[in-house]
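Below is the structure I would like to discuss, written out as structure tokens.
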Amino acid sequence: MATGEEAEGQPGIGRVEAFSDGVLAIVITIMVLELHPPVADGLDRLWTLWPVFLAYMLSYAYVAIYWVNHHRLFSHARRVTNALLWSNMLLLFTLSLVPFSTAYLGEHHFSRDATMLYLFTMLLPALAYVWLQTIIRGTGVQGAAANRYHRATTRKGGVAALIYAAGIPLGFITPWLGIAAAALVAALWILPSGPADRLFD
Amino acid sequence: MATGEEAEGQPGIGRVEAFSDGVLAIVITIMVLELHPPVADGLDRLWTLWPVFLAYMLSYAYVAIYWVNHHRLFSHARRVTNALLWSNMLLLFTLSLVPFSTAYLGEHHFSRDATMLYLFTMLLPALAYVWLQTIIRGTGVQGAAANRYHRATTRKGGVAALIYAAGIPLGFITPWLGIAAAALVAALWILPSGPADRLFD
Amino acid sequence: MATGEEAEGQPGIGRVEAFSDGVLAIVITIMVLELHPPVADGLDRLWTLWPVFLAYMLSYAYVAIYWVNHHRLFSHARRVTNALLWSNMLLLFTLSLVPFSTAYLGEHHFSRDATMLYLFTMLLPALAYVWLQTIIRGTGVQGAAANRYHRATTRKGGVAALIYAAGIPLGFITPWLGIAAAALVAALWILPSGPADRLFD
Amino acid sequence: MATGEEAEGQPGIGRVEAFSDGVLAIVITIMVLELHPPVADGLDRLWTLWPVFLAYMLSYAYVAIYWVNHHRLFSHARRVTNALLWSNMLLLFTLSLVPFSTAYLGEHHFSRDATMLYLFTMLLPALAYVWLQTIIRGTGVQGAAANRYHRATTRKGGVAALIYAAGIPLGFITPWLGIAAAALVAALWILPSGPADRLFD
């Protein structure tokens, strides 16, 4: 069934990106709805919201990183195949769970259980992204620049997955070590130039 | 009134797709808001959410299938007519009811009544899609490939409607037979290559 | 300040349309969040939701009509001016109030007060639309077809405003006469061909 | 890592704008969800909502101004760099906090604390916007018109920041002086032609 579509070429990619943009924009924005203003007056009551706010910041950075990488990855795609559509849908599904585990993390004040669930939810999109990347590599542009890009991001993704995986046992000692692992991965992706990036190039 | 628009040709189609993408992205994402984190701590309390989570997964796959088919169907449209605009609006309306019946299904733990309502809500977009397909066929590209595409999806849509219709009496025996019918239709559409697809080609 | 932008021409219009599509897609979809599934089991309990559902259907049709007209109106725009940006923002603001008055109408079971508020909320976008139309006419394409389009929609918009205005005193007799006025306007816009349309051509 | 992307040129900018449009459309629309219809019947009960409604209007105008300026600023961008992506993400993050402080302002009836928080939340996007502007200036078009545009908006942004900063101590006297400062800034941006604009040209 994908055959007809594949023949159409580029235009289809634009609409897959537009739909992904829509879903990611909603995922990144609805998390702020968890920031319920305290009923009591007084700015000092605002400080009780810090775990919800911190969880929101971490997850915002996390989804933003996925958007930036998704945006770059799709600039390498040249054809819309059935496998591309569904691996992309799976990635968006795993990312749609982030608001849930973020709310859980914030409401349970970074408890050990909530941190475990959070790190687990962060691993799912990482796995879906690897699948999507493999598929786009298969259908996408071939060339030295594209290969270098794919090698670099695959290595970076591998390091990120290792840090997450290390974060889960570390979180058993204290949840903050698990959260630190998630923050470290975010920093690695957000600051791609400078020392952090040289690890991957 | 549509005459002026029809003369404009292609650009209008892009905006109909963009609006549809927006609505579908919201429909598919707001369903996750029903996953309320349990107040009590402990990951074992998470298991009480399984019906809500399962309902979310089923409906996510369902709306995703509609997006993929919508995306393919519109690549065959060549003119924006009044009938196209309104049959598309009707399809989006019926799909906007999916979050409601999904919440009902999850909160009532796949009870018989909730399963009936869910299967009924799944039938409405199927009927709206048939109407949209007929209209796009009328205004769209003619040709061997387009005809083959329309024949294949009409047949597939007919089989899907039959399975849903069978699911409603089966759900009277036990709701899970009804849910299995919905899952079977999803599998038929998601896995278009291989044995499932050969039924339609 | 708008001078630089005006010189850029067409591309800007696309982004104004994209933002409007996003806002309208959210406005039309979040209304379904008011359809809360009843806590008690049993499909007979669903019937208690009929006023909320009916209000949703009416408002969905109403916002959909605005999207269709907005889509057509913007195909006549050729330049993005400051006045166009802000009259469009005002239109989107008035439409963003529709979910509120729809929730009010549904929760208060079409009471007289709720119907008054609903009809008043429907008048606001009509006024904003007239302003936007005047501005687009000023900056847009001139020609016989564009003039015919503007004359026809202005006449149709005037008839719609008259019916709404008549609906408010009629709603004092019984709210359903007010709702019937809103439904009549929706029918006039949705069925543009046939007898209803001949009134305007 | 941004190197591959930068070479791609223009298309990337379109997708950054599309994602920003999505986030801004959601931010501007979800604020209306705070307008909960009163449970009691009677239109006189609606007046109790005036602080929530006024807060919504102010914030709608505020986010709309950012969208208009964002739209103009990006028409001057020519390359997508890593710094552009992340300064844009930071701007969207600060704007995503507006619904929270708007809800706080409305629910706490423009109390002094709520007004302080609101003005503080309005300062954050202003700072993020300055950073984004600097980056786009660096990567964007050079030329007399672009320089004039950047000089004018930088001056205007500076005046706006000064008025906000003045609003915080004024709000200690009475919150309404703080709100008046926010309204004055909105008026300066919305009415760019006429006397207000001559201050900056």
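Note that the chains take the letters A, B, C and D in the order they are written out, and that residue 1 is the start of every chain.
One rule holds in what follows: a residue touches a chain if its C-beta (ideal position, glycine included) is under 8 Å from a C-beta of that chain, and two chains touch if they have at least 3 such contacts.
Nothing here was measured: the structure is a model prediction, and the numbers come from that model.
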- Copies chain B and chain C - rotation angle from C-alpha fit, nearest 5 degrees: 90
- Residue-number overlap at the chain C/chain D interface, same or different (half cut): different
- Separation of chain A from chain B, taking each centre as the mean of its C-alpha atoms, in whole Å: 26
- Message: Using Cα averages as centroids, what's the distance between chain A and chain C in whole Å?
- Response: 37
- Item | Numbers and ranges of chain B residues touching at least 2 other chains | 18, 22, 25-26, 30, 33
- Note on the structure: Seen from chain B, its contact residues with chain C in the complex are 1-2, 4-5, 7-8, 11-12, 15-16, 18-19, 22-23, 25-27, 30, 33, 82, 85-86, 89, 92-93, 96-97, 99-100, 103-104, 107-108, 111, 113-114, 116-117
- How about chain A: which of its residues touch chain D in the complex? 17-18, 21-22, 24-26, 28-30, 32-33, 35-37, 39, 41-43, 46, 57, 60, 64, 67-68, 71-72, 75, 145-146, 148-149, 152-153, 190, 192-193, 197, 200
